[in-house]
Amino acid sequence: MFMAIANSNTLNLERVLTTLKSPAGITISASIIAAVLGAIDNGFYVIVNAIVTGGMWALVAMGLALVFGVMNVVSFVHGEFFMIGGLTAYFTFTPFSDYLMGNPNPLFEAVLPILAMVASVAAGVVVGILCELIVFRPLRNRTREQWVMNSFVITLGLSTFIVNSSQFILGTDFRGIVSYWNYPTLSFFDVYVSFDRFFVFILAMLILSAFWLFMRSSKFGRAIRAVSQDETGARMVGININGIQTLTLALSSALAALAGACLLFMYPAYPTVGLGPLYNSWFIVILAGMGNVAGAAVGAFIVALLQVLTTVYFGEGWEYTVPAACIILVLIIRPSGIFGSEVRGILNQ
Amino acid sequence: MENQLLLQVENLDSGYGFLQVLWNVSLSVAKGEYVCLVGPNGAGKSTFLKSVAGLVSPMAGRIDFSGNSISRLPGDKICRMGISYISEELNLFAGMTVQENLAMGAFTINDKRKIVENQDFVFELFPALKERRRQLAGTMSGGERKMLAIGRGLMSTPSLLLVDEPSLGLAPQTTAAVFRALDTLKQKEVTILLVEQNVTKTLQVTERGYVLEKGKIVLAGASTDLIQNEHVRKAYLGI
Amino acid sequence: MSKRGRCLMLVLAAVFMGSMMIGHAAAADKVFKLGILGPFTGPAAKSGNEMKDAATMAIDEIGNKIGDYKIELVYIDDQSDPSKGTNAYAEAIERKGVQAGILNWNTAVTVAIQPMLAKYKVPHFFCLGAGKAGIDKWESLPPEERYLIMKGWPIPQKLVVGYVELLNDAEKKKLWKPDKKLAALWGEDTDWGRSLVGGMAKGLKENGWEIFTEEYFDLKKTDFYPYINKCKQAGVTLLAGSSSGVASVSAIIKQQHEVGFKGLVVADGLGWVGDWYKMTGQASDGVLDMQPQLTTPAQKDWVEKFKNRFNYDPSPSAAGMAFDYANFFVKIAKRAIEKYGELNSETITKIGREEVAEGKLTYSRADGALMHARYGTDAASRPDPKISPADFFFPVIQYQKGNGFNVFPEDVKQAELMVR
Amino acid sequence: MANVQKIDNFNGFQKTLDAVCLTPLGFFGLALLAVLPFIPPFNQEYLIRWMVVGLFMAAQAVAFDFTGGYINIVNFGFAAFVGLGAYTSGILAARLGLSPWFGMFVGVLPAALVGFLTGVLTLRLRGIFAAVMAWFISLAFWGLATKLVFLTEGPLGLNCPTLLQTSSNLPYFYIIFAMFMVTYIVLRRIVRSHMGLAFKAIGQNMEAARTSGINPTRYRIINFTLSCAFAGWLGGFYAHYYGILMPDVMHTAKTIEVLVVVYIGGRASLWGGAFAAIPFVFAMEMVRSVFSQYPGLNLIFYGLFLILIMIYYPGGAAQLYQSLIERLKNPFFLRLVNGVISAPAQKKIQASGLS
């Protein structure tokens, strides 16, 4: 649907109306109305929290949607990339941060968190490439039969392996930080957002836009989309499938690792930290439509809003049950998700 | 055939897993030729093209292209060597626009000017595509999709075009348009290997032909001869 | 399958069968095997490993010997799962010859192992799984089948009265006059969180507090912005709760600070983990907790030793108490040798029932107890430890700059309660 | 199966085997298992306990594979159905004093009902949607079990009365052995019947099945409901064996445990998962026990093992077995592994072309 809007130069009324009447339009409008009503009832924080949290989840969920769409892997190891990102950021940030305690340097203080994030992106890329080369490629070369389930079980194995290796090597410590920046909390309309959260939100938006541009206009971004839409066709036009798969996994794990690094102030890195982000992103991906990357970005905000409203009206601890029930309802009406699934061919498996 | 051989297939055995489809198939295409491979449904024509295009790995035999063996190469490498395969299923990128599909066809080309040139050529060949350049490939009609597939295949400046069943499922007028386009390509000295079930039409337009039955080549020769052949007339032309 | 494959299979099968047989002969004489039960993997692994390390350190310090018995520790990983825990424990008893066990974390495991203990007649001490279900199970067993001699942690309801008394006291002394007595309660959704916060709610209600909301969340949850905002909007003046997950408890402390919550914050369980200040920073200033502090020279010594060996800050509750309890067990074992001349399940059970459960044998500061004045139980409180300022006791503390100061009760007070 | 011997006149033994759907080899294996608790070294309590766990896993694997292997729908919420049965039975026993023996059967009802509703809602669609939906339903039920404390005690743990007043594992071994056999025989007989042929057809190619006059949705719903019903029944055993229920019994991790066993055993065989379960549980426990000084190492091995087996032997034990018996030439062995099949059954198989 977003493609359709993006592709139409003339945005006429009729088209707007059709868009509004489509399931996606209805869901988005309903979400906006729900957000506004919630905000009127409870305060502006409902909207702010939904947007800020949604931006963070979008990073994780997009990677998951990408892996599903391009590689047809139902990944349960995505949360571990999140953890690896958090760990890398922690080990990059803390020593320098401790050093800065003794030797204050405002410029370095401002830049250091960004360095930590860059480091974790690098770590994510490396881990993604390793996973592809050591695990997924041998399986792909061996057999493509029952690929979805085989690769799914492999990701379960990978996840167990990474979680427990990390615990074995680094222990069970919670490796967290107080905050990246010691800047004052921002406030507007009686809503307070720490600088960290604000920065992470802006960063998430930037990455989302960059990613969007990359996927739409760059040669390799297009190639990734091509592989997800028709793998044989992609091979026919000379795209190296193995290369694209590697690129995809590297990108997706880098996104997850970046999210892990960005959220270190909220999600300290410890072996099993990845489960929450993993479940959340699966919620998003399924709600938005399996493998629909752009949909996942929008879905992230919807799920975040659902969870905020759940906390407000049902209380803590219902954040799986109530959204799960809502998603069940959506899926009953529209099984392929709100924005539809772009992935073809493998869904029968 | 004093012409230089572009594609030479010798004693090819091919198939899927345990299921062998082709037995000892030999075929050659010279530069600039317009050759067809005809035969009934299930004879293995598509499997043959897929084997050449590197989408199915051959069990035995040789496939040489411009003097290099390509029988063990993956599909993308073969495409880079200059073979364009237009499959029966078309394998278009349904979520991309016509223009994006064409751009993907030129994935192997880095020269921007060359891409524009090729695209202009395709639009010239199929003016309908130009009008619909912003439309999503998945929303187009069968004929347009077929044209797009051929157009996409041409974008990589191939020296050999493998076309699988261009007339399948098309209205007669559209079929005619597709064949006209192939004819134009022939004029421009593009080498074409065409696979078809529509034997009459095919033999009328091509120069040389092979007849494939049950995975084996049963006849070969100039198209004009084949069309006169007793077996061909009985089995395919219903005469 | 290739020949090599077949050989491999045969070898594997042989190894498998062999290893089943070997277990039998493992128990040599004059060796005593002590099981350390806890969740060493999975979501509660942090606490489990602290207990494991502390107990290991305690037994190492006595040279792995009690009398002329060599002590071997057997770690039993329950993975926070009652069925897996019971399987692992049963195997440890039968195959590895574990003769007694100490510690544990989850109440469900506390419940599930009790019938199994009775079956093997193996005594177990000091379960830290605090929930009431553990006691219910204990009471449902006939006395001769109660092989859980003493728990390590009383049911949380018994402890939380401290907070309520502090609030009453503060009001009386005009230290704090809340605009309205409206409390929001939170807790991890486990036996621990539910019993403790449930007890808190009861105590607060009895003292004129209105409960705005009482909510329980997943142990891993770290996003509390909506919850805190909601409470703030409603004019809540007391934000109280408990979680043993340092990620969630530090998140709640940081986020209430960020959101600008005004009032008193109780975060019971922050002290469960040693290095919490690294994660909360100054947001923890003014937060109330009920955890023993590591402040005396002896305690600081111990922290130093622990850090040197395991490279992390031990928590007073998980590591500290596990250390004390391991030493308490050593005392029990010594007593068993002294009285019966032998160290085995039977003598330890006897000592446990005759002396520990009756309150005759305790472990106190004089013996080297680090965290509490005296560990012990008696007929009135068993299997829970006895609570009183002279025994097992938690003062209410308030954190300032990463240190806790006792603010209640009066006789141990180090600082006056401060309210933002 | 390839080398089926056709015999019209059965002796009693063969008739029995045919009725319980076992090959002679399978029969001897099970007979051995039945007396195993008396054979050293397996007569130790902890090993019997492991066998109970293994058999419970085996029975679950059979019920899981009945759906996953035959109609190609991975029930990703399987544990929730087990948990539904367990909680129903546990609550009835703990709150109303209903006998656990009876409660176990009552537990079938909610599991089957929820399974049926899930099926009605999703099974007209492609498999992956049913899997996803089942997952969400399991999450919802897991949340409910956690939150409805007045009913389930939530994470405080529901104390359920045990089936027997004994602390010996041996009676439980035979109870779960019997439950496993019932699960296996019932589901195996269904798989062998006309309905089973329909399942296989649907699993292999839904469109083809539809064109040949099978109503896929109906058969899939029947299949799914049956599998869930058995899951609920087995849940009752869990509740009254361990005596305590926590919401985590419904957790996705529990589904994954079963799924892994089924995949290691080999899909679409029913016996593969069951065969793999006990050795798997034993191996896991052994590794854990041997490396108990290094907690977590066992799980590292587990992860590695899973990756390797999926890359290099995705067909699992059943694939291994098939490749082994294909080489058998000796008629005695052939008979041992293939057994005999009744003439009507033989005819059916030939007619369906699905041999």
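Which chain is which? They are A, B, C and D, in the order written, and residues in each are numbered from 1.
Please note the rule applied: contacts are C-beta pairs under 8 Å (C-beta built on N, C-alpha and C of every residue); 3 or more make two chains touch, one makes a residue touch a chain.
What you are looking at is a predicted structure, and each value in this text was computed from that prediction instead of being measured.
For the pairs A-D and A-B, output the one whose chains share more C-beta pairs in contact.
A-D
Taking each chain's centre as the mean of its C-alpha atoms, give the chain farthest from subunit D.
Most remote chain from subunit D, centroid-wise, comes out as B.
Can you compute the centre-to-centre distance for subunit A and subunit D, using the mean CA position of each chain? Integer Å is fine.
Roughly 35 Å, centre to centre.
Go ahead and note the Å separation of the Cα centroids belonging to subunit B and subunit C.
73
Would you mind pulling out the distance in Å between where the CA atoms of subunit A average out and where those of subunit B do?
Distance between chain centres, rounded to whole Å: 42 Å.
Where the centres are mean C-alpha positions, what is the separation of subunit B from subunit D, in Å?
Measuring from centre to centre gives 50 Å for this pair.
At least two other chains touched by the same residue of subunit C: list those residues.
In subunit C, the residues touching two or more other chains are 41, 45, 48-49, 189.
Quick check: what residues of subunit B touch more than one other chain, meaning two or more?
There are none in subunit B.
Which residues belonging to subunit D are in contact with no fewer than two other chains?
146, 296, 299, in rising order.
Just spell out which pairs of chains touch, all of them.
A-B, A-C, A-D, C-D
Can you name the residues of subunit B that touch subunit A in the complex?
Answer in residue numbers: 53-55, 74-76, 79-80, 84-85, 87, 89-97, 100, 103-105, 107-108, 134, 136, 152-153, 155-156.
Within their complex, state which residues of subunit D touch subunit C.
40-42, 44-47, 49-50, 53, 146, 149, 153-157, 159, 162, 167-168, 238, 242-244, 246, 248, 282-283, 285-286, 288-290, 292-293, 295-296, 299, 320, 323-324
Under the stated contact criterion, what part of subunit A meets subunit C in this complex?
42-43, 45-46, 49, 53, 164, 167, 171-174, 176-179, 185, 187, 191-194, 197, 265-268, 270-273, 275-276, 307-308, 311-312, 315-317, 319-320
Taking the complex as given, what residues does subunit C use to touch subunit A?
Residues in contact with subunit A: 41-43, 45-46, 48-49, 186, 189, 213, 215-218, 220-227, 229-230, 233, 246-247, 250-251, 254, 258-260, 273, 275, 278-283, 311-312.
For subunit D, which residues count as touching subunit A in their complex?
Residues 72, 74, 121-122, 125-129, 132-133, 136-137, 139-140, 142-144, 146-147, 206, 256, 259-260, 263, 267, 294, 296-297, 299-300, 302-307, 310-312, 314 of subunit D touch subunit A in their complex.
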